[in-house]
Amino acid sequence: MTPDLSITLAGIRLKNPVMVASGTFGYGPEYADLVDLSQLGAMVVKGISLEPWRGNQTPRTVEVASGLINAIGLQNPGAEGFLQTYLPFLRQFDVPVIVNIWGRTVEEYAAVAARLSAAEGIAALELNVSCPNIKEGSKSFGSNADMFKRVIAATRAVTKLPLIPKLAPDVFRVAEFARQAEAEGADALAITNSVPAMAVDLETRRPKLANITGGLSGPAIKPIAVRLVWEAAKAVKIPIIGMGGIYTAADAAEFFIVGASAVAVGTANFMEPAAALQVAAGLRDYLARHQLGSIRDLVGTLTC
Amino acid sequence: MTPDLSITLAGIRLKNPVMVASGTFGYGPEYADLVDLSQLGAMVVKGISLEPWRGNQTPRTVEVASGLINAIGLQNPGAEGFLQTYLPFLRQFDVPVIVNIWGRTVEEYAAVAARLSAAEGIAALELNVSCPNIKEGSKSFGSNADMFKRVIAATRAVTKLPLIPKLAPDVFRVAEFARQAEAEGADALAITNSVPAMAVDLETRRPKLANITGGLSGPAIKPIAVRLVWEAAKAVKIPIIGMGGIYTAADAAEFFIVGASAVAVGTANFMEPAAALQVAAGLRDYLARHQLGSIRDLVGTLTC
Amino acid sequence: MQLETATILEHRDYGAGYRLLRLAAPQIAPQVQPGQFVHLRVPRLEGCVLRRPFSVYKAADGVLEVLYKAIGRGTAVLGAALAGEKISALGPLGHGFPLDLPAGRVPVLVAGGYGMAALYLLAKRLPLTGVVFVGGRSAPDILCVEEFEKLGWKVRIATEDGSRGVCGLVTGPLEAWLAEGRGQGMPEFFACGPNGLLEVVGQRALAGDWRAWLSVDRHMCCGVGACLTCVVKLKDSDGAWVWARSCKEGPVFECRQIHWDRAEEEA
Amino acid sequence: MQLETATILEHRDYGAGYRLLRLAAPQIAPQVQPGQFVHLRVPRLEGCVLRRPFSVYKAADGVLEVLYKAIGRGTAVLGAALAGEKISALGPLGHGFPLDLPAGRVPVLVAGGYGMAALYLLAKRLPLTGVVFVGGRSAPDILCVEEFEKLGWKVRIATEDGSRGVCGLVTGPLEAWLAEGRGQGMPEFFACGPNGLLEVVGQRALAGDWRAWLSVDRHMCCGVGACLTCVVKLKDSDGAWVWARSCKEGPVFECRQIHWDRAEEEA
């Protein structure tokens, strides 16, 4: 019997537990020629704000040892732009669409959540309370406990869609934030966003990113992300979507074992557009080899 | 004219600004056959506690993408053991000896600081308030603002030696901790310790480290460390010793440019025992190429 | 756009510090338009997370050719790939040069560095011949001259040290040619090279009220329009600017589209 | 202990899944004692931060030989190093086997996997010959038999699938030999291989009241005693235990020194 990869997460039924991470797979059309979107566990689109947003100046990314630092700055077409241009496209596919949202104020979070909730075809909202690249406010939400709470509460109040706060990689307080999110009614957690980082050009002595700092993603952060998921999983009952440096089924399996119920593939998409599908296929093999009937049997099975 | 690498840091004169990081170079004898210790900027010895300490069970380290996770658990011969066995050896060399210290309680920090201050031949104390591998307490010191303050205050009260708190890689509050350390009388700061992380063995589904979690070091954390040093350097006037993934002079130069006054080479020693000397030599070349007369002319020269 | 496991047919030094990489890529090769690029996964490039973008130099009979220079770790490691090895290629990507020149135009190609490779395919596919201006630091940096001549194109060379062609920047011979009467018609520029060169060509075209198609070189992650790394500023209808993705809407833009603000651009 | 830039003289398949690496290492080679190891920096191993430790198989005339099996990425990448290339070697490291056997002892070598390589140098340097027990999964896993025989040693083989020698674990022929009268004298064991094998040999030696020198295999970072990664538990005078660094005080320990507590040991 082939192992069962399907899961129900925050009330959403997923064919498999491998999503693509926000900001690394665009809004759908970009990779659609290469990857059958219907086969993804879920499609998490790049962060959407109420109004269109230009993001940061360039350079916006820099490759570093086993990782990438990005400071895109959340460029996006705004809620209306997304609903008009991209959602109809995405609805052609049999895949849950999770919209990553952000705002510069608590009110903006609530407003974009409300606007998107009025549309058909969105499975859940992922709250980016942790993007390290926005100066006006979003940055602090993820590490300021009070703001964090208020953002979740305010969006919770305006939407019936499942809410998935995406935590900042706050290495010492992840359990605290996870518990707070759960208390405020979050349905699941996404852990983790990229880690604040920077790189310097030695010839010009200028930052390699126009935004000075950015977020580190990729294999370099995997051991940090696994640790964050483990800490959070011990602290809460709501499911966790683990991410950070997942390239292979083996990488993903680490996240499940420490307690993630699903995973997302981010930076790896740039190397292998079908990475998420390959991870899902590899997980199936891993489960078979370990005589586990379902991916659910792997979740939280760490023996210490 | 060859550029001048000498600096004065927290009142200590260093021939060059490249130290070896605590825990990666032992207590002196280990690498002395391979490296002339007198040529190091400073020798920072592995963390010393009041009493001998056995540390964690094995496995204690695991190699990951561009990094190493360690959970040695601060094994050490205790203050008396260090003073008897190692300090006399180290005093043969013309190199400032910085002793990294830790305790399980505030009182233990003060006690070991007091004991070491009574000895001859120690240039400064580095306070490990951030080791992620000790369960009893040290762990929380680095991320608990109140404990952090008390540890610094208590050691400050018992020693005239320069005090160098070593910060935990708390990505969102580094400036806050740096300012607090300065306010409590720290003479310099060491930034950063390794980043809490973990790895899982997929066959056994057990953690790859006996201690479950450990600290990530090496190239993987360099962009994070550079960012922490930059944030801290903007916040305080006391000098900063930057570290995290330094292998080459180019790596080190990034730290100086964002505001470090000195650097330490850690994990790189395992690959190249003379890495610190190579970094110092490379920095001299870099300064010459950029027509800078002294390493001090490079510190904090980032143009944004 | 396809993701294809190509096979290396040939990989050798090409002179001028460049290497030629010939790939059997039967799916991608037939689709390539001049100015488009392929995004290659460098075999055995550990510790790196990105593909590397390269213009297509030649594409025929299911075979792709790329000319590249080793400038960093990715291209250094690529240099070790052997004939017979597999290499993952994503392409063709982006929008290339237009091939439908209005009547009476003289195509003027201006190249720096690997630009010669990118423009070669254009020269081959354009319905008529014209003139190519190529600049470099020194004689050994000048690529593909004979290739262009074989296609019947005139080639004008400038080197900064004067070791080949005119001494100075490529704008010298270009200006001279324009002053001489610039062939039979109205020039239409096609340029590929460092951003500085592109800007000069663009300005010159604007001044002459001609068109200039510029292939911009931006760092890229995804190569398919998803990550928003490679954006350039285009002029907006209302005098402001909007971002365009050079991997998707570009890398070729007409100079009138581009909003130049140098301070904010990549070096 | 030296850090030396060695030159690869030869690098080839050796059978049994092993590769032979011959290095010109004129500084390190003359110093090597049996059971010591070298810490090699694998050329072009990007994304990894550690050297890899290997026992010395042969050391003579300024030349070092290592026999290794590709088990992970480091050894796989090492496999691509070519003769003529440089390789940074740190060594000799650790404390090896004692060579001064008390009178009347019969040296008994017990090897699994690469243990045969490590014990070969010992067989060569010991002042007398004895018997070697070697175990493996299957015939092709059995290394160096002829080499030992050429030195005048008896070799007893066991394979788990019975495809060579006795069927079963190496303890089978060992017990048989002990029962048969075990040569002329009191056995002195020298073992190198998986930790399970070492423990069995250690227990057997304790039971017979003989000595057993065991070379333990621990993950290592520094290799010189600085990082405290590779520690093993030794018995303390007061019945407790203390850590010893297998890279410095070891990798060879006498079985009476070792404090076995399996649950806490590495797999």
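The letters A, B, C and D name the chains in turn, as written, and every chain counts its residues from 1.
In the analysis below, contacts are C-beta pairs under 8 Å (C-beta built on N, C-alpha and C of every residue); 3 or more make two chains touch, one makes a residue touch a chain.
Remember, predicted model here, so these are calculated numbers, not experimental data.
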Contact clusters after notional removal of subunit C: one piece
Topological distance between subunit B and subunit D, in contact steps: 1
Greatest separation from subunit C - chain, by CA centre: D
Highest-count interface - the chain pair sharing the most C-beta contacts: A-B
Between subunit A and subunit B, centroid-to-centroid distance (C-alpha), Å: 34
Distance from subunit D to subunit C - Cα centre to Cα centre, in angstrom: 57
Whole-Å gap separating subunit A and subunit D, where each centre is the average of the chain's CA atoms: 48
Contacts with 2+ other chains: residues of subunit D: 47
For subunit A, residues contacting two or more additional chains: 65-67, 204, 219
Residues on subunit C engaged by subunit A in the complex (per definition of touch): 1-3, 41, 47-51, 88, 90, 218-219, 221-229, 231-232, 243, 248, 264-267
Complex interface listing, subunit D residues touching subunit C: 44-47
Subunit A-facing residues of subunit B, complex: 64-67, 69, 142-143, 168-173, 195-200, 202, 204-207, 212-213, 216, 219-224, 226-227, 230, 245, 250, 253-254, 257-258, 286, 301-304
Footprint of subunit D on subunit B - complex, ascending: 23-26, 29-31, 33-34, 46, 54-55, 57-63, 65-68, 70, 72, 75, 204, 210, 218-219, 267-274
